Amino acid sequence: MNAAILSRGRLAVWCSCLALAFALPLVLKSGFVISLLCQIGIMAVFSLSYNMLLGQTGLLSFGHAVYYGLGAFATIHLLNAIGKGGGPFTTALLPFAGGLAGLAAGLLLGYVTTRKAGTTFAMITLGIGEMVAACSLMFPGIFGGEGGVSGNRVVGKETFLGFSWGPQVEMYGLIVLWAFACTVAMFALTQTPLGRMANAVRDNPERAEFVGYDTERVRFLMVVLSGFFAGIAGGLSALSYEIVTAETLNAHTSGIVLLIAFVGGIGFFYGPIIGAILVTVMQIVIGGMTHAWLLYFGLFFLFMVLMAPGGIASLIAVQRALWQAGLLGRMLPHYAATTLPVLILLAGLIGLVELSYALLTGDGSEGPSKVMSMQLELKTPAPWLTALAVTGIGITLTRWIGGRMRHEWNATLSTLHGDRS
Amino acid sequence: MSVPAIRIQGLKKNFGASEIIRGVDLDIHRGERHAIIGPNGAGKSTLFHLISARLPITSGAIELKGENVVGLKPFEINRKGLSRSFQITNIFHNLSVFENLRCAVLWSLGYRYSFWHRLAGLKDARQRAEAVMDDIGLGKRRDTPAGILSYAEQRALEIGITIASGADVILLDEPTAGMSNTETEEAVALIRRVTEGKTLVMVEHDMGVVFGLADRISVLVYGQIIATDAPAAIRCNAAVQEAYLGTTLNHD
Amino acid sequence: MNHRNFRSLAIAAGLALVGSSACAQVKIAYIDPLSGPFANVGEAGLKGFKEAAEILVNQKGGIMGQKLEYVGFDNKGSPQETQIQLKAAIDQGFRFVTQGNGSGAAHSLIDAVNKWNARNPDKTVLFFNYAAVDPTLTGEKCSFWHFRFDANTEMKMEAITNFMENDKKIKKVFIIGQDYAHGHQVAKAAKEMLAKKRKDVKVVGEDLHPIGKVKDFAPYIAKIKASGADTVITGNWGNDLSLLVKAAKDAGLKARFFTYYAGGLGTPQAMGASGNGKVLQLTEWHMNVPTKSTEKFALDFNKKYPGVYFYYLRVNTMTEMVAKAMNTAKSTDPKAVALALEDMRFPAENGEVWMRKSDHQMMQPLYISVFSKADGKTVKHDSEGTGYGWKTLASISQRDSQLPTACIMERP
Amino acid sequence: MEFIVISLLNGITYGLLLFMLSSGLTLIFSMMGILNFAHASFYMLGAYFAYQISTLVGFWPGLLVAPLLVGAVGAAIECYGLRRAHRFGHVAELLFTFGLAFVVEEVVHLIWGKVAVDYRIPAELDGTLFTLFDTSFPIYKGFMMLISVGMLVALYALLTRTRIGLIIQAALTKPDMVEALGHNVPRIFMLVFGGGTALAGLAGVIGGNAFVTEPGMAAAVGSIVFVIVVVGGLGSLGGAFVASLLIGCIQTFSVGLTISITDVFALIGVQLPEGSQVARLTITQMAPVLPYLLMVAILIFRPRGLMGARES
């Protein structure tokens, strides 16, 4: 370890994150929350590995799930193959095998995909992703067909330091360890010559060639390494769920990881972690609250693309910069003032969406239906008009107050940049 | 004389039906400062692109220090010790000045695609990048993202990236284009300083710069070199005068 | 439920179970896709369960005075999400889960339930499967904690081939299916059973196509046509089935289609007239099977939920059987309920059904019917408002679709 | 012989439909540099609009109105969404269309429900056009071919006979030049995006009832259209045309080939070990994967595509 990775501030942040991760299950004891945390840990590793491509090398991939899925299958097959011969210690090391499978897949597929960058790369990965997903259903012997391949992570009767990995909490601990190790490794990678040259290739591939680097090779290596970490994430998911299905390597999984990385912020190392937390919680918690979650999710994503293309992390970074420049105080009243109209607007919009969903998927019976814990008569205009009115008021207020905020925002930003340059 | 730094023979380049480079023969000696001048559209930048393999040649031969480099990729030529700058600023916009320069020195220091070395621990890379940074006068802008530097600073960085790897053959494509007089003077001093002991080939429009810097000058007109000589001789060359000033001078 | 009913029920409950609250409920978690591409299937199923619980159990006195309630959990069709939702349900105190869409999710659930019960013997969970038909679920992977209320792929094929045995018009059979476990199982069962029962029938072709990827089935139809087949057997469902039938009609293919899933959830609508007289299905029930009360139940259901059509009789059967088992066992402990369900014989609306103890596979009567123009008599009701409905060709008693099982059950 | 002719007809019909989709995608890509991920969503919208119109006033008005509506929706999305995303670069644009595909699918769920709608072929087109070797060829397929070819001719005329067509054509080969000439005006972008999506909408109108109109229809064709664009060569309309027909035919012909991979290798004298899963696969089973294999092969051996002029 070294000074660059472990500068005092950074060391403190890393350690407190690790401590927090280990402390969480002490506070949140429900099995559901533990499962949710496991999922977040897995997705954090997966999306960080994805960001090695998108954020750091500028490669937009639509087929990253291939590495994740192959890693998962390799792990589960190995788990089953070792069977009684293993023990908790070998089980704990299995995600590494998943990583190697991801690495091997990266070697093979990366050769084809990294011949191109940019849009072509995006399309090729999409095609290869589709191809692997389609193949996976043709070979039920390897991919288990529709039912997938399942295994049992509890091997034998003995324990390793008291852990059998049976209870989900123990699995969570294992995931935290792996996720932490992977995060440190991936961060360290950004601080190496290859990591830096990946940034250079992202910014200006031509110039990178003229300082002696083969951009194709840089992209290839990044795909391979990213495949390795994606494979580890897949291996962790195999151990956590004890089942792997062909779904883990299809386009949907690839799409989700892209969403996570982007929403979190691809320009920052920690962005995907924020994304993993946010998106997983949205998916599972909001998904449990409303059936319209996919729509909300899509709209939220579009909003992020148009309004905050740097993701949540960039928003945080800007606030931090403002704070350091002593300008945050100038913006805070405006943030506060904007909150109310935005909330009104959201309430109106959500009301409209939920009403529509209730009308279309509801029980269709006469009489009131339950929408957002209110008993409403869907067939009468009253709730609709109310929702429309609230939306209208929200739009007007948001435009009015938001316009003033934007003015102030631009002024503050120019002050900020003025200070800098 | 020893093997020339660059030897070009019968070089041709066609874009579709139009010939842009129509048979260039040129020897660049080791250690000389060589300028290529000529009217707009003469093919100066194209010639650079051909030498540095940014564009494939149509026919002919190019040797770098006696070695055939036709068909090599840009990075392979770079690794053989030829480095170039661009007319349109070509830097890593999101990286800081220091990172730009460090990227430029990594390969030549042999770190290749290493993902086991820690950048912060690479003392030689840091020192070299810092030395170049001071050379080009950007020491104070060390951590500024290259994208928000002023134009002249970006041009200086462009030169910095080009020389940082320690290549002994340097190609500069209009290094002072778009600069004010003072900036140009500083740039000339910079170029003179950093190319000490190296082979320099440059394309330049500013005759003050050309005649101030160059040991020899080649004049490229319509894809052919009409003259290669010392500055003083070029000044009096009739063909050059004709090319630059039209036909006001008598041929005979 | 109206107020008076509720009060009388509350009093009844109060009398029956001293100490238990009148509002106590038996809750079953319904873990199926409620969003995403298969949400329509999942939502239709949930509505069916809720309706069945209300009308068939709660309005008839409930379970030991308690109300039965199904609560939806959205597994988005994913086996992994299924496990997360199972944890969520267990956290909320659910001890019974039901699922049906997709054998992948069913495998995931059966595994998770087995492991959970092994690791938490004091908080066991019981899994009722209403539609996942992979034979291995009651075969090699059978579990004490799993009950299946739908006939599995092999049993259905047994019924279909029994029917074919007597239909001498059938000479050449073509098997087409989706290229995944279910399609493979259908094809395998069809070939084996035909070889046993009708040596004179030739299987003239067999094709597997990737699931959900084929837009134009014309080339497959051309092949079927070239093979001279008079009968097609397919396990296809959803669009893969509708498109197949449509393409057959376009190309003028005369062969009949024996299907598993032509009867519901949008397929009749998508097939429309092109299925007329050519598409046969095997189900435990359809709208034109005479029953005591299900006809009314279904009509009320269809009226109450426009656009959703009552399809799963087994949902009703399962709900009633579970209620009966709980009432018999006088307990809502999963193990007690499981023991009460074993070997239960129950007079369902489509005939007597039997829950076999050895593998927890329910045996029930099955019907082969053909898609034909509704005429108000034999085809009294049309399907999904298409003007076409199902006409019964044959009924198969529960005994005739029984098959031996490979199940070696570990009992607690 | 029979098999070949029938398969050829089927392949060409399918290929022409694919071309209607990929031509719009190619146009948008060459003009704007945007890979419209939501392109197939507009195809779906076309089908649903046409269904809605057909329930109100019949099929024929829908044939005209639905594509125009889709085009209008496309133009509006370009104007209010894409243009903003454009400022953040190509990745943001691509992601915008990616998210758009999500939202369109959900909105379709919301308005038309999650099951297939009953979008039928009009009675006057329902029937047999001719019977060939005992297999009937439906009128509707003939109609689809007619519309596709008509559209092809119209597109050709537009590109070669009008000013905007010439600009678009120039953009296909020399995007920088067109930009430099000051044609990079938002209005042209809007028109091209609207036009491209309208083409997809038209494909939806005639494809929706030939196949099934349901919320998954966009995802089903989405990736194959990308394969066509890559195989044909980015920005090449001719390439997209050839690739569409090629892939249409590959998909129909491969279905008819029951030989397995073992047989294929046996033809070239290689004996594969018995019993492995790969070796037992037949070409038929692989049919839908073949386009992707073709794409990979093209990328390895001819990276700029069949007729592509430039690499991206």
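First chain written, first letter: the chains are A, B, C and D, and each begins at residue 1.
What we mean here is this: a contact is a pair of C-beta atoms (placed from the backbone, for glycine too) under 8 Å apart; a residue touches a chain by one contact, two chains touch by 3 or more.
From a predicted model like this one, the values you see are computed outputs, not experimental measurements.
Common neighbours of chain B and chain D, listed by label, are A. Taking the mean of all protein C-alpha atoms as the reference point, the chain centroid lying nearest to it belongs to A. In terms of the distance between Cα centroids, chain D is separated most widely from B.
In terms of their C-alpha centroids, the spacing between chain B and chain C amounts to 75 Å.
We define each chain's centre as the mean of its Cα atoms; on that basis chain A and chain B are separated by 45 Å. Computed from the mean C-alpha positions, the centre of chain A lies at a distance of 31 Å from the centre of chain D. Chain C and chain D have CA centres that are 37 Å apart.
Of all residues in chain A, those touching 2 or more other chains are 134, 138, 294, listed in ascending order. For chain C, residues that reach two or more other chains under the stated contact definition are 39, 43, 179, 210, 213, 307.
Multi-chain contact residues, meaning those touching two or more other chains, do not occur anywhere in chain B.
Pairwise, the chains that touch each other are A-B, A-C, A-D, C-D.
The part of chain C that touches chain D in the complex is made up of residues 37, 39-40, 43, 179, 205, 207-210, 212-216, 218-220, 222-223, 225-226, 239, 242-243, 246, 250-252, 265-266, 269-270, 272, 307, 386.
By the touch criterion given at the top, residues 52, 54, 73-75, 78-79, 83-84, 86, 90-95, 99, 102-104, 106-108, 111-122, 144, 148, 161, 164-165 of chain B touch chain A in their complex. Looking at the complex, you find that chain D touches chain A at residues 29, 33, 35, 81, 84-85, 88, 90-92, 94-96, 98-100, 102-103, 105-107, 110, 113, 223, 226-227, 229-230, 234, 277-278, 281, 285-286, 288-289, 292-293, 295-296, 299-300, 303, 311-312. Chain A contributes residues 54, 58, 60, 112, 115-116, 118-120, 122-124, 126-128, 130-131, 134-135, 138-139, 141-142, 251, 255, 258, 262, 292, 294-295, 297-299, 301-302, 305-306, 309, 353, 356-357, 360 to its touches with chain D in the complex. Touching chain C in their complex are the following residues of chain D: 2-3, 6-7, 10-11, 13-14, 109, 113-118, 120, 128, 131, 134-136, 138, 140-141, 211-212, 214-216, 220-221, 251-253, 255-256, 258, 284-285, 287-289.
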